[in-house]
Each structure stands twice: as structure tokens, then as C-alpha cells.
């Protein structure tokens, strides 16, 4: 019975050495991220609770900037615009991306699929500034779309249009991924059982791809509320969102207000992230329960 | 009924649903329209850049000329910005690849407490709005590291935050798809762990490495939202220079520069695709070139005991 | 006694607080074909990986030809491993795969070419030198993997389920090839397998592993005829196990009142009233297996008994009552051992026999 009664291993030298190597490999990246995260949090809070613009690390504590930012109608309007643009762009982008993903999924010739995929995803590789500029040209008074879309430039519709264009590829990716996980034959099975196309969409396709829809909406919303260059260029100073306001305040040397708005922006991003995470977990749980139900 | 069921079943066996002619046509029209929507702003930029007009108003050109390209390349902020952007992108790509590859390798191949947490930490910067990052690093540089403000190093340092999540996830996925037994086999055959990595693992993740490097380079090169906080307005990277000029006015010089940026991005992407394909194609050619087709590809076996 | 080619001495290993190897002792003699046999999850692959240096033991030592290599990393050990699926490098040709191990030790170019070609010749893969692994069949890949491991002239060659990925016909042929290869090289082979027929056919000696412990080490014959534990008796071939000499309505010719084992082919069917029979039973089914008839019987107590009878001489009608006869020499005494404590989750199986020779 020698050794049999010991339930725990002795000091595992080799395992510890492997662990040390692993820690050494992740150390630079982790140290970098921790440094940035920590300074982000500390600086944001430190600057948002002061009134003076100074590069000193410590300054008298004050909540004045906060009350200014949250009490002022203009500042609240910026927050409201940011959220409104975010919601509208998300809804429009996902609504457009879903049929795009579906059609891409159904294309059978590989080279057509490759070509169309490249066309739809290629804008990701092109600078956002250039893409926004393209819309400025199209919407400007002499531009190709100036007739039908008169007055969109430097107004919210123009910002929204350009943002939908910028975020479209990011919405197609998760939707396409969700479609590819469809169990083979479910749609044929539904059709075989007499379901009309509309009913197949409503009771088979949409429920099964719901995780992809949630993921696409999350990504688009997060990218839209923090978008900077597109609203700055297409809004032309008349449509102001949070990220622009942060930049303007820096230029006007109002660092504390910029910090408050950066924190608001961060809060919006994190709240949205957690809401969507909760949502996708909910979808996940419901699907798993349903699946279990079918088996039983 | 039976024959219908059978045909459904065979349809199911072919995997993808088969479409009717009418539906396929409708889908084709829709995809073409979408492609048009996607390409339209880029096309109008390219078109306008060949215009001879004195103003860029987005309308059909009244004449053709290449002079705006020359002016764009002679415009001082763009020339300085191009060199600046190239340096920043090269440095940021190199750092994020080295740091990210080490982290991805450790997370994929070693079991250690906190590995799952680290995986989450490395994608966390994605949920940090770029403007927030820019503001914080601006304040950080201004209050603690004034020398980093407006330098290649300072901006590359900031860009790493945007590139790391991408590099780690792409390389992590590539490493996860590799059979760990290959590297063990190399060590068993006398290769030291670093040599086993260089000789066996690295060649197999080369396409992913190339993809990660190109995407990181393009992302860093095109970055505006963070960078705009980190440099003085009179000396900026190229996209920031374009942005700042566009805030003031639209002029044909910017149009020409934008065209060059589109061309550059697409060329780099195409070159990368070819390079990644080239590696793959070389392998395929060598496998397919000689003799009879083999049995199905090696299946990745789990250890049974 | 000469120095063993491989000696694993009290090797233990934990994974996540679970003991997967429990004081494993293995001695492999020089030039021997040795198999580690056990069901999946018994720890045999872990044992092999520890010998190769790919995993480190938490307790115990490993020595090769008398040299302690417990702390030697894999790339400095005089062992080589044939991986389960071959683990051929997909981006290197067959030649470069085999040459890989020689290039790591800075062998002269001309010598590399000579040795690689020689080994490819030995495994019959010489004409495939320029091919990519992806174009080879499973059996060809396995041959290349063996050449790649053998080209470094290891003192011990380790094989991890080398044939399990192959279809049955190829497995049978490769068994003979493997055995011939071992004879030809004279190297000690240690082969991990879950296939008892494979282990019995090719090995000089076998260690049976169960739940991280060595249940018994011996030749195939020893394992078959004198199992040292209930696990070995049940795992190697088929057996009828009885709790004692008088059990299940039978009275077996044994003066030992512990666990007894009778092979199906050791029973003889007799008339129900035959004086030599040890009891009677009812025929439940009879299946023709070629040389043999597999008869399933049920005793008065409802116990199932397997009997393999000579097909030509026997008739057994379902429902018929027959007598069972067995010679005293054919009744194996299986050492009863205490059920181990819950150190291993899959407990409930007997512990390694402390009285290994008790049966003789």
C-alpha cells in the first residue's frame, strides 16, 4: 500500500516550471494591458472630479464638472444624440446585413461567393476617413446623390447613412457565422412539413440565428456610439456625438469635461456590452432548454 | 410523396439548401445592389481624383487630369504624414505581433491558473472606445511622459491596444487548430523547445501570421480616433492629416490622397492574400503533385489514455 | 541480472488532483517487445509520455540502460516515440520528416541521406521519399512515423497505439511487420495498446494497467492461464468467474474457496447425469463460430456460463439440460484482493495483486 493513501501530489517541479514559462510569455502583454487599463480608470476619475485644466496628477476634489455635464441641456443633448444615432444605425445595419448574409450563404458558386464576400468586406481595409469622405462627396451639393438626398450632408440622416455603410461588414460577419451553424436540412424539413417561406423565416430561421443577430447588434452598437471620424466629418459640427465632444473639449483645454464625457462614453459602451451579454446568454439558455425539450 | 421525401433527403445530404431559379435571381439582384452601395463612396472618390476641376464637389468631372495626385504627393503634411504613418504602423505591428504571439502561444499550449481570464483580458480593449483610449493616453502623456506626445513610439504604444486583441485571437485560433503532438514529436526527435516552435509550429501558422500582420499594419496605418489626441495638429500621421484637412475644406488634393490610400490598402490586402495563398498553394501542389490520392486527411487524435 | 533497457520505478502522476498513475513499476529487458495493455483511461499513454520525457512524473524515477533520465527533457533522451496518428510534419516531405531527428543532432549531410534511405527501405517506403504526408495512406504514414523514430537509433522505441488508426486487415498485417521490425533492429520496443489480441500476438511480455496501476506483468501465456487479479481474468480473453468452489449450483474441483476462473474452452459439455460433471445447466443459445460452437448456458440459479465446444462433436439444442465438466487443472485460482480506497474515481475494480504468485 505504499503511496496509495496519499490523495494529493507532492510538489510538482516540472508543472511549476511550465507554469513559469507560460507566465513569462504572457507577462509583457498583460503588464501592458494592466498599465493602460489602470491609468485609464485612474485618470478618467481623477480628471472628472476637478474643475481646473492642469497636468498635475492631483487637484482639489470637485463634482462641479459632473453637475455641469449632467445638468446642461446641450450636454445632455449630445448624450441623447449619441444614443439615438447608435440605436437607429444598429437597427438599420442589422436589417440590411441579415438579407446580405442570407444571400451570401445561399450563393453556391465558390468564386461568386468569394468575389461578393470580398466586395462587401473590402471597405474594412479602407480608412474610415476615406469612406466618410466618399459620402461627403456623394452628398455635397454638386454630388451624385445630392438630388434625391438633398440636405442630408451635415445632418443626422447623412451621419446615419455613412455609419450604416461603415458598420455593415461588421454585422455580416456574425450573421454569416450563425447561418453556417444551422443544422443541415432544417429549412428543407420545415418546407417538407408544409411551412410557407414567411413561416420558415419566422419560426425556424430567425430563432435559430438569434445569437448571431444579438452578436451583430452588440458589435454595431458598440462601434457606432464610439465612432469619431464619420460623425465628425458627415456631421460637420452640426451633429455632435460624445466622442466628438471629448475631442472638442480637449482642444478647448477643458480636460475635466472631456474626462466626464469619456467616462459617459465608456459607461454607455460597458452597459451596452453587459446588456447584450445578458441577452445572448438568455437566448443561449432558451435555445438549450428548447433543444432539451425536443429530445425529451 | 415518397419520391419527394427522397429528393428532400438527398438535398439535405448535399449540405447547402438548393434554391429555385427565381429566388436565386432575386438574391443576385439584391447582392449586386448591396455591392453597389458598398462600393459607391469608394468609386466616387477614385473617380473625382482624376478630375481636372478646381473644386471637389462630387459631381461628374468636366475634364480629366492627374495633377491632383502630383499635388497630393507634394503637399508637405501628406508627405510627412505618410512617412510618419509607415513608421508608426511598422513599429506597432512588430510590437503587437511579438507580444501577442507569445501570449497566444502560452494561452493555447500551457495549462495555468488564470488562462481563461487572460483570454478575456486580451480582447477587453475592443470594448474600450478608441476616443476614450486616446483621451486617457493624451492625459497620461501630458502629465507623466511629455516626451511621448507626438512621437512614433508614443503613438505605436497606443495602437498596440487596438492591435493586440486582433493578433491574439487570430494567432490563438491558428494555434488551436494545430495538433500539439507535432511539436512534441519534434522535441522527441531531439529539437529543443524553441527549435521545435521555429521549425514545426511557425511554418504552419504562417498564413495566420501574415494575415494578422497585414491587418494590424492597415489598422494602425489608418487609425484616426486614438491618434488624433496624441499629436500636434501641425505634424500628424497621414489619415489624421487627411481628416484635419477635411474638417476645414474639401479639395481635390484630399481626393487624390484618398484614392492613393484606397489603392494602397487594396494592394496590401491582395499581396497578403497571395502570400498566404502561396504558402498554402505550395503545400497543396506538393501534396497533389505526386502520385495517387491518399486516404482522407490525418484526423487529429486525442490522447486516449 | 543485466541492467534493464527501461526501468520505471514507482512512477506516480496526478492531473488536476486526480491520480492517473499510481506507483507504476515496469522493467523492460534489452531487445524485448514489451506492451502496456489496458482500457482507455488507464494511464498507459501517460506512462509512455513520462518515459519519453513529454510529461514529468510527480513521484518515482525513470532510467534507461541504468542511467537516470527522470530530469532529462524529451529532446535529450535516448528514446523515440511513434505517435498515435503518426504526427508527421505536414509541411515536410517524407524524407525530411525522417531526416528531422538527424538534423537536430548536426549529423553530416551524406550520413543523413544514407541513414534515412536505409530506414525508409526497412519500412518499405523508399519510393515515397519525396511525397508529402498528406498523400499517404494510414498504413504508409505509420511506417514513416516508425522510420522517423528509429532513424535516431533510440535505445528504447516507444509506440503509442501505433495500429489503432488502421482498418482491421491492415492492423493484422502491420502486427507481423512490427514484430519483424523489432527483431531486425534488436531495439527494445514499448508499445501501448488497448487491444489485447494485438498485445498477445506481438509482445514478449505484457504489463496490464488498470486505473493507473500495474495489475500484472508477464507473458501472454501467464496472463491467460494464471491471472493475478479479477481485472486481468476479465480483461484478457473471456472467463467464467465463480465466487467459490461451490457456487451458482456448480461444484468446481478446487480446494480453494476464493475467486475461481474457468475459460469457456475449458468446460466440456456432458450428459446431464454424467458422473464427471460438476453441475447441470440449461442451453440458452448456441452459435456456430467455425471451429467452435459458442454455447451460452444458464445454471439453476440463473447464472450465465459461457462454453466453447468443438463444433463437430457437439450438439446443443436450446432448452436442453446438459452437464458441465471441467478438469481440476483448468480451474484458475484468482487472488482476491481488497477493493482499494477511493483514491481513484473509477474504483470498484480490484487492486494490484499483492500475492502475484499465489496462483501457482
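Residue numbering begins at 1 within each chain, and the chains themselves are lettered A, B and C in the order written.
Please note the rule applied: a contact is a pair of C-beta atoms (placed from the backbone, for glycine too) under 8 Å apart; a residue touches a chain by one contact, two chains touch by 3 or more.
Quick caveat, the model's predicted, so the values are computed rather than measured.
A.B. asks: Please indicate which chain is farthest from chain B, where distance is taken between mean Cα coordinates of the chains.
C.D. replies: The chain farthest from chain B, judged by C-alpha centres, is C.
A.B. asks: Among all chains, which one's averaged Cα position is nearest the averaged Cα position of every protein chain shown?
C.D. replies: B
A.B. asks: Distance between chain A and chain B based on Cα centroids, please, to the nearest Å.
C.D. replies: 17
A.B. asks: Hey, how far is the Cα centre of chain A from the one of chain C, in Å?
C.D. replies: 56
A.B. asks: If you average the Cα atoms of chain B and of chain C to get two centres, how far apart are those centres in Å?
C.D. replies: Centre-to-centre distance between chain B and chain C: 52 Å.
A.B. asks: What residues in chain B touch two or more of the other chains?
C.D. replies: Within chain B, no residue contacts more than one other chain.
A.B. asks: Sort out for me which residues of chain C touch chain B in the complex.
C.D. replies: Touch list, chain C to chain B: 38, 40-46, 52-54, 73-76, 79-81, 83-91, 93, 100-101, 104-105, 130-138, 140-141, 148-149, 152, 161, 164-165, 192, 194.
A.B. asks: Which bits of chain A are touching chain B when the two form their complex?
C.D. replies: These residues of chain A touch chain B: 18-19, 21-23, 25-26, 28-30, 32-33, 36-37, 39-40, 43-44, 47, 55-57, 96, 99-100, 102-108, 116, 119-120, 122-123, 125-144, 146, 162, 165, 168, 184-185, 187-189, 191-192, 222, 225-229, 232-233, 242-243, 246-247, 250, 255, 258-259, 262, 265-266, 269-270, 273.
A.B. asks: Quick check: in the complex, which residue numbers of chain B touch chain C?
C.D. replies: Within the complex, chain B touches chain C at residues 179, 181-182, 184-193, 195-196, 199-200, 203-204, 283, 286-288, 290-295, 297-301, 303-305.
A.B. asks: For the complex, which residues does chain B have touching chain A?
C.D. replies: Touching chain A from chain B are residues 4-5, 8, 11-12, 15-19, 23-24, 27-28, 30-31, 34-35, 37-45, 48, 56-60, 99-100, 102-103, 105-107, 110, 112-113, 115, 118, 121-122, 124-133, 135-140, 142-144, 160-161, 164, 168, 218, 221-222, 224-225, 228-229, 239, 242-243, 246-247, 250, 254-255, 258, 261-262, 265-266, 268-269.
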